[in-house]
Structures are given as C-alpha cells and as structure tokens.
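Read through the structures below before going on.
In the two complexes below, chain A is the common chain; its partner is chain B in one and chain C in the other.
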Partner chain A sequence: MKTKQNETQLFRVNSHSKRKSDLKWHIIFIVVVILMLYPIVFAVSTSFKTLQEVYSNSFGVIPQNPTTAAYAGVLAKIPFLRITFNTFFVATLVTLFKLFTGILAAYSFVFFDYKGKKVVYFILICTIFIPFTVTMIPNFITVSQIGLKDNLLGVALPQMADATGIFLLRQHMRGIPRSLVEVAELENTPHLTRLRTIVIPMVKPAIFSIGIIFFVNSWNEYVWPLLILKSEKNYTLSLALQMFVSSEGGVDVPMAMATSVLTILLPLILYIFCQKFIIETFSQSGIKG
Partner chain B sequence: MRKQKAGISAADEINRRFLKKSVRDVMTAWGYILPALLVFAVFMFWPLIYTVAMSFFKGNTANPTKAFVGFANYMTVLKDPNTLELLKNTGFYILILIVINFLFPYVMAFINHFVMQRGKKLYKVIIFMPSLISLVVGAMLIQWLFNPIIGPVSKLVVLFGGTMPTWSKTPGLVIFVISLVACYKAFGYNFLVLLSGVSNVSGELIEAARLEKTSNFKIFTKIVMPLTSSTAIYVLIMSIVQGVQFVFTPIKILTQGGPNGASSNILYGTYQEAFLYFNSGSASVLSVLTMLIFIVLLILEFKYVEKGVYYEN
Partner chain C sequence: MENSIRFENVDKTYGKTPVIKSLNLNVQKGERIILLGPSGCGKSTILRMISGLETISGGNLYLNDILANEIDPGDRSIAMVFQNYALFPHMTVEDNIAYGLNINKVPKAEVASRVLEVLKILNLTGFEKRLPRELSGGQRQRVALARALVKRADFLLLDEPLSNLDAQLRGQARKELVNIHEMYHQTFVYVTHDQVEAMTIGNRIALVNGGCLQMLDTPNNVYRHPANIFVAKFIGSPSTNILHIRYENGRVYLADGQSFPLSDAWVRQIEKSEAKELVMGIRPEDVTVGRPDVTAEASVSFKVSYVEDYGNRIGYYFKLGEEEVISIMPESIFGLGDDAKWFINYAKLHFFDAATERSIGDPEEY
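== the complex of A and B ==
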C-alpha cells in the first residue's frame, strides 16, 4: 500500500518523463515475454501445418491450410491414451506420496520439540542439492533387484525421495499463528486431529500448489522412465516424445510438435487455472519462514 | 492415564503425566518423520554410501560381482583427458547459466518492482509459465527453432546477412544452444523468487535515495543488492545446482555429448560411463567428484544463506 502511494506521488511529480522511461522497460519485458511465448506458439502452429508448409513457411504463425493430420498421425503411431494414462498414474502416485510424507514430516519439524530434530532436518534439506546422477546407479540396481524394471512403480519409487515438499510445507506451517495450536495443546487434542482440523486447512493453498508442481515435475520426468522402462506399452510421454527426435531432422516435424503440444497441454491448463496460488507459494520458496 | 492409584501427590502425578506425555510426544514426532525417512534411507542415503563404495571397485553396472581395486578407478578417471573436458564444459555451462538465469532476472526483478510504474504485474505470470514445460519438449523446440534449414532462428540470421552453422556440430555454440533449454525452464522461477526478495526492500529507502538523485544503477548495486544478498545467493546456487541437471536432458536427446564430447558435462559423463559403457567404477568416481563440487556449494549456501533465508523470522 505504502509503495503504491509513493508511486502515484512520483508519477505526479514527473509524469511525462516517467511515462517515457517506463516505455523503455516495458519494451525489454515484452521482448522477454515474446521469447518465452514464441516457442509455445511455434509448437502449436507447426502442429497444424502440413510437412511442405513447415519448409516453405516456417515463420508464419497461422497455418495456410490448417490440418489435424499430425495429431491423427501421432494417435496412429503410438498408443497415446495408454501412454498418457501411464504418465498420469506415475505423476499421481508420486505427488500423493510426497505430499503424505511431506505433510507429516513438516508437522513433526514445526510442532514438536525433540533431540536430533535440527540434524535430521538439516540432512534432509542437504539432499535437495544432490544431483540425480550421484544416486542413479544404486537406485537403478535397487529397482532392478526388487523386480520393478520395465514397471511404472519402478519409475515412481526413486522420485519419492525429494525433500523440497518438506522444506516448503515447513515454511508454510511455521506461519500458522501459535495461538491456534495452543488451544489444541490445552485441550490435549490428539496430533492427528490437530493436523486434520487446524494445520491442513491453514496451509491448504500451499499443499494445493505444491501438489500441482510435484505432479507437473513428475509428468515431465525423463531420466527414470528412460532407465527403467523398456516396452512401448509402459512408456511415459517423455519417452514417447523422444521417438520423434533425431539430431539430423528427417523426422515428421508436425508430428513431433503435435506430441509436444499434447504433452504440455495439461501442465499449462493446470497453471492457467491455479496461477494465483502457484505464484504465491513459489514466491516464498526462498524467503522468510 | 486416568486410572492413577491413590497415595501419589498431585505434583507427582502432574510430573509423571508430563513425562509420559513428552515421551509419547517424542515417539509421535519420530513416527511422523518415519515414512519420509524410510524412503530417503532406501533411495537417497543408501545410494550415497553405495556410490562412494563402488568408486573403489571395478565392476559392471548390470552385474553385481565386483573386485576391490583401491584408488585405481580414481587414477584412471583423473588421468583421462576427457575428465578435464567434462569439468571445463561443466564450468562453461555454469557460467552461461549464471549470466542468463541469475544476473538477468535479478536486474529485471529490480526494474519490475522499483523502476516500472504501471502494468507490471502480468509479466511474472507469463514469464513463469515455461517452468512447467518438460525439458524433452524444450529440447525438441530448440532443435527445430535452431534447425539450420527450416528453423526461424536460422532464417533470422540469414535475413541479417549471416550464415547459421550446424550448431550441434560446432563446439562452443553447442553448449550455448543447449544451455538455452535450461534457461527457458529455470528463468521464470528464478525471476519470481528474486522479485519477491527485491519486493521486501523498503520502498521508502529507495524513495529517499531517489530524492538525492541517486541513479538506478547505484540504487541497485548499493542498496538493493546488499539487502537481498541472501535471496540472491540462494537463487545463484539453485541456478547452478538445477541448471547443471537441467542440461542433462537436452544433451542426452540432442547431441549425446557430441561433437567429440564438446557438449558433455560431468552428469552426462557419469550417465555415459554407467549406462553406455557399463563401467560402474568410473561412473562412481565421477559421481564422487560431482558430490565434492556440490558440497562446496552447499557449504557456501549454509554459510551465507541459511541464517537469512530459513530462519529469517
């Protein structure tokens, strides 16, 4: 509020030159926005072009003879519904599990006091900084040994050891007013009830947006499906996409772009509808308690 | 609890109940972190130990029998000229990521919050959007956007009288183009976090500086930077940690480390040793090297950021 007041004041003092200098910054931001959006526009537009038009008119945003042939081609070439379901299944499993362990652990770190708490939290947070290649080989061996190679569960399991949820949920739970919890403390309410009736409702928006990001991250996961899955019927979208890549080109570009569009559709729809929560939650991911 | 025997003083009973309760509380507390700890034990802590151990054994990734060789794997990897190339490339990637994914969004966050006046809210919503796009899709988009024949980028270059080299065959350029995929993915998130860091700086402070006719450049370097240093270091380290991992997918999909290892980095090198040459010993040595690099970052993180970021309230 305060800054807004200051802004209007400033604006009044030097209205003309302010507007002019603002324009310069808007241009920079608009350029960045175009750089961010153009690839998406390119993918959508190319997916509706014919192969000939890709070569003759790669700049044109609106296809001259729009066709859905590429989409039909994708559906004919790969078991698309099955692959989408696989991806959905893995992403849902990973998301629910990470939220479950994350909520419980964050509750423990915020509302209990015990020896070793800080050390355990510190170690868990450190794992955020460990690149996946460091644990990749042993995890591959573990998954193979429990017989989950070429199995969607084998793709999901290694993704579950991720501390970002614990970190973010703890940040949000710390913001809950103490007084709310103290009443429960005096009444000796069981912890599970406190968690269900006080804590979870208070951090619902955070759980919601963290859940969406977990889902999208797992939806986009490439390395684990690559290492674990072998047969096409078990593929996830990332692996299906890879079938349309070759470094020399020589691949049906519209079909490659159609598959890309189908892959980013769900994440983008989720983002457009939940954008407010997501922005709010992730703005705070580095800062404050 | 209620069935206490008579003969115990009230104070005693309260004491005992408190103790009982606190023991139970500690049990509950550990019970609540147990599910997380179990998963971490199997898929994080055990693999870490196992990787370090494997670096001392000669073995095949697909075969459990291994022979102890001491530091022989380390000697092989450290003497290999490819390792130097991997480290050099990793450094090059990090440099590009720092400029595009840390410096740019930092300055833009300042401009967005303190310099621009109106219509600035929508930008972060759009700029964050590519963070949700899969790296595989990002890699495919880059491949076609930069395609030497039909790519719009190449056509632009030709329009301005240049010639577009085959980027995937040109050392140096290949690293830059692949970095763009990681930049596309991480830029928006970094901008968002930096923006919220910058918006915590008091507007009155900036106002006061403006009244004294301080330039925007000075306001940024002398006021905003020192006051947002913990957020900045957090984003700097995250952009390195994530960026190095984000480039793995485009390397794997588009160049497989080529031409001649010119686009490989230490993570892709590890993958190559482990799953293409099935040499678990060398792969583990590279993993240990990766860990050492990241431990340095981690120490920096906790030295400079931990106090400011995690315990700020």
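== the complex of A and C ==
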C-alpha cells in the first residue's frame, strides 16, 4: 500500500514537471503562430473595411462596418475568373511537367548505372545555385524568339524542369529497398513498368508534397510573368495584385487585400484537401512493422 | 547426376577488393545446397552471381550447362526469396504473389489458379486482400516464398530467409521449406549463417570463408570429417577444441607435457602425411571425462577449472598448459577443482597440418 502511494506521488511529480516544459513550448509556438498568422488576418480584415476605415483604424482586427465592396470592386475592375484560370493553368502545367521530368531524371540517377553519372548529377545540382536574375535575360530572348511572348505557355516553359525537384525525388527513390527493384529485375520487368508499378507508388507521398511546392511556387511567381505577359487578359494573379498597388492613382488597400485573399484562397483549399490525402498515403507506406 | 549450376574458377572483385577467389562449385539438379559461412564471407555474393543481380569478374558460370555469364537475371529461370522479404508494401498479398506472372502476361485464369495453389500450400488462404504491413513476420516470410514458388523457376535462391523470424517459427519454417522442396524439386540454393539451418535443410553444405570454398559435402561429413580447422571450428557449438600438440614415436604430447599413445591406424595416417607440425581437434561432446581412479591406456588427467550448466548438459572446462579444453557431458559428475580424467576415443580425434590448416584425413579404421 505504502509503495503504491509512493509510486503515485512519483508519477505526480513527473507529470507536473512535464506539464511545465510543455507550457514553455506552448508559449513559443503561440508566439510563432501569431507572427505567422497576423499578416493573413490583417489582409482578411482589411479586405472587409472601407478605404476610410483603413486610414482611421489600420490595425483593428474586426472591421467596424464590414462591407464586401472591395470584392465587388475587384470583380468589376479585372477579369478575375479569367486571371484565376490563367494562374491555375500555368501552375498546373508547370507542376505536371516538372514532376514528369523530375521523376524520369531521378529514376535514371538512382536505378541506372552509366559513365559520368556522378558528373552529370553534380552539374545538375550546381544549377540550383544559379540565381534567377542570371537566366532571366537569356530565357526572355529564347521565349520571345519562339514567339511565346505575351503567352501563358511562355510563362510555363522555362519552369518545366528544375534540379531541386530531381534532387528531392532522387532522395526519396534512394530510400526504396534495392531488393524490391531486384524482384522486378528477376521478372524482366521493363524500366517504365518498374517505375509505374513499384517506384511511383512507393514515393507517392513525396510526389504529392513536392507537387504542392511546385504548384505554390508557380502560383506565386511574379517577376517572370511580369516580363512575358503584356495584355490584361493573359495576366496571372500576382500581376493582378500589382494593379491595385502601383500606378499613379495611389493604393486602394481594401481592393488589394481582397485580391490577396482571393489569391491565397485556391492554394489554401488545395492544400487542405491534399493534406488529408498526404497523411493517408504516408500512413500506408512503411515496409516493416 | 546432371549439374544444374557450375562455377568454373569464378572471381568477383569490387573495385580492387577480391570478394570471391577462383570458385569451383557444382550443384546438382534438384539438390538443396546450403551456402554457409560467417557474415561477410561472400556467400550472398555467390547467390547473387547465380541470380545475375551481380556480375562475374572472371571465370564461367553455367546454368543447366549453358554459359550464363551474360544472361539477364530475368532470363535465368530464377526465383529468389530475400532476407527482408522484399514485398511490395502498396500491393495486396495476392498482387505481390502474382506480380511476376502479370508482368509476363500469363493468362488471367492461369494466374488465379497458380496463386490459389501456392496460397493453399503455404496456408495463406484468407489473406489474399491483406497488405504486407497487416501480416505477422512469419506470414510475410510465407508470402515471399509463395511469390518465388508461383514462378515455377528451375532455381530457387533463398538469402537468409528465416533470419528475421523468432526461434520457434524458424524451426517450423525449416520443416516447411524441406516439405515444399519435396513437392517441387527445384534446385535450392540457400544462404545462411545458421549452422542448425544448414545441417537440417541441406543435402550438401558449401562452407565459405574469406571468399573461398572451404568444404562441400553432406551435413554428416561436414560435421564428422571437417576438411580443415575452419570447418571444424565453425560447425558445432560450443566450437571444436583445437589443441597444438607434438607428435613423437606414436605418442601425442599435449601443451602441459602429458602424453598418450595413438592407435596404429592413426600412427600410419600421421606418418603418411607430410605435416611437420600437427594440430589436434576434438568436439566438446566427444571429450569423455570420468573419475580419476579409473585406469585407461590413453587418458589425460586434469583439474576442473570451470563448470557450466546448460540444463540438459554440463560443460566442464579444464586447462592443459596454456590451452583450454571444453567437455560436454550429459550429467553432473564433478564440481569446480575436482580431479578428473579425459579418456581418449581415437575415432573422435581429428588431426590437421598446422601449416596448411587442412585435415590429414581420417584412417579407415581407428
């Protein structure tokens, strides 16, 4: 009886100190979350304010007279659906192509043996460190010479393959036990079939998360579309956003914020939907239990 | 009997490191051959060279009397069971087993019947739709075996297939493997570092060490007539006692100066050999010890220096000079420090040439 009492006492001490260290972490996390969420909250709340209130009550989180006027204004002023579709089109095209080229390249780096493989891979990785500003002009000249200026395909083209994706996919493919591929080798399975039946299903979670990164990156791309696109009907969302911020007329803050909110809406929905799916695919993997 | 696998002076090097040195090995058709050796000895490399997953650096490999050096793994009629089972985690048991058949476009109806057959044989019916992670270790091992069997290949290669199972399941799986071989009569090549598996499953055992074949014979001969010191020490537990001795005028002198006479047959055998120095080997279970007052022609006196009780047997340790001898006896007779005697049984002795470490051979009678 006595020992039991001691044990419970001991347990209580432990759980107490555990709670204390938990609290420390909670405080840190709460601060980080506030720092990260505040700009978004600010954007959402401002988008429901009037222009006057923006100046009188800049930092108030709750709008005094909530209004959807800014949203109506945005939809009236720019071909919003068209622009959203443009952005979606470019981001989807870029994501699919990047995954396609990335998966094939990564497979070759992991499962083929050929002379100079290491050198080719090294050169490829080096391209990650070349800044965009260096390739911007050559790419612009190339794209305009093949007649893709002011064309969404011109926005997508230079983004369709990149080393970061190959690098990440290669890392994941290297994690596949060699013996799984050898089982296929003993059956004379062609490489494309190995890729389809074994490698892709096994790195599916990675493909999804890398795909999301590709999509969001392309969605947020600003400088390159700005260089290529001229007519408003071809604009992407990040360019449309700029329309309310720059120019001589000053900044219409509520409308800019409304466009911002609309801009993050689609990737957010996509992410929430995919997150559930990704967790599912992650729990399905795992070879040994 | 026809050979189904033949290695002719096969070498394997990784970069400049030799892994297999001039291997000559014949495996007969339908035989269960065990590649046995300590880890890193090259036994898995031999298996992988048979499968074609590993290339051959020198020499020739024949499968069914056809030179196979350049034949692709997929064209060798080989099925393999991997140590980690290599089941596809995203496929059901059924799809895992049928994988090779589907890839090779075997008609659907035949796939279904062949899968059903192996499922039955391996007691896996009812698990068709499960994923590997929903199975126990033993079940996964059987799925891996089922996938190899369903192929009906000429050769079944097994790379430590039981090493991830617990001891109880392993015993059961050994019997299953032998039964399955009796059903299919494929040529079994089985890699293991477990001598119990080797002794119980193999028709013949190929002992490998340092990339060289040490001995190739039946389990019985490997145990009773070890070809060299490595084989004598590797097989059996505790390991064979190895004693450095001096032979003179028909007598064996031990490290502490005691000596005993040898039988005429052994004397002839030793004199026939050209060994300058000899090493004597004897298994612990063959070291018969008894009370010190019994007189015998060939015996050695000692004091018990350590006792180990295994439950069903007792291990006595004693020292002869610098060298320690272990004796395993069925029952407890002595305590620590007791005087005792080792009665030499000529039939159980092994002599090796100290220079080459090879056995000088056993006389026909002792």
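Here is the rule we use: the second predicted complex is superposed on the first by the 236 of 289 C-alpha atoms of A that agree within 3 Å, B and C clash if a C-alpha of one lies under 4 Å from a C-alpha of the other, contacts with A are read in each partner's own complex, and residues count from 1 in each chain.
One rule holds for everything that comes next: a residue touches a chain if its C-beta (ideal position, glycine included) is under 8 Å from a C-beta of that chain, and two chains touch if they have at least 3 such contacts.
The structure presented is a predicted model; accordingly, all values stated were derived computationally and were not measured.
*Asks:* Thinking of the overlay built on chain A, is A:Phe273 touched by chain B (first), by chain C (second), by both, or by neither?
*Replies:* After superposition on chain A, A:Phe273 lies in contact with neither partner.
*Asks:* Which holds for A:Thr193: it touches chain B only (first), chain C only (second), both, or neither?
*Replies:* In the superposed model, A:Thr193 contacts chain C only, not chain B.
*Asks:* Check the contacts made with chain A and report whether chain B or chain C touches more of its residues.
*Replies:* Touching more residues of chain A than the other partner does is B.
*Asks:* After the superposition on A, what does A:Phe85 contact: first (chain B), second (chain C), both or neither?
*Replies:* neither
*Asks:* According to the stated criteria, A:Thr101 is in contact with first (chain B), second (chain C), both, or neither; which is it?
*Replies:* first
*Asks:* In the overlay, answer first, second, both or neither for which of chain B and chain C A:Asp22 touches.
*Replies:* Touch status of A:Asp22: first partner only.
*Asks:* Which parts of chain A are touched by chain B and by chain C alike?
*Replies:* Touching chain B and chain C on chain A: residues 284-289.
*Asks:* For the complex, give me every residue of chain B touching chain A.
*Replies:* Within the complex, chain B touches chain A at residues 25-26, 28-30, 32-33, 35-37, 39-40, 42-44, 46-48, 50-51, 54, 61, 64, 108, 111-112, 115-120, 123-130, 132-141, 143-145, 147, 149-152, 155, 168, 184, 187-189, 192-193, 195-197, 200, 203-204, 207, 210, 230-231, 234-235, 237-238, 241, 244-245, 248-249, 252-255, 267, 270-271, 274-275, 280, 283-284, 286-287, 290-291, 294, 297-298, 301, 309-313.
*Asks:* For a test of understanding, state which residues of chain A touch chain B in their complex under the given definition.
*Replies:* Residue positions touching the partner: 2-3, 6-7, 10-11, 18-19, 21-22, 25-26, 28-29, 32-33, 36-37, 39-40, 42-43, 46, 54-55, 58-59, 97, 100-102, 104-105, 107-109, 112, 114-115, 117, 120, 124, 126-142, 157-158, 160-161, 163, 166, 174, 191, 216, 219-220, 222-223, 226-227, 237-238, 241-242, 244-245, 247, 249, 253, 256-257, 260, 263-264, 267-268, 270-271, 275, 278-279, 282-289.
*Asks:* Which positions of chain A touch chain C when the two form their complex?
*Replies:* 177, 179-180, 182-189, 193, 197-198, 201-202, 204, 284-289
*Asks:* Can you name the residues of chain C that touch chain A in the complex?
*Replies:* 51, 53, 72-75, 78-80, 82-84, 86-90, 99-100, 103-104, 131-133, 147, 151
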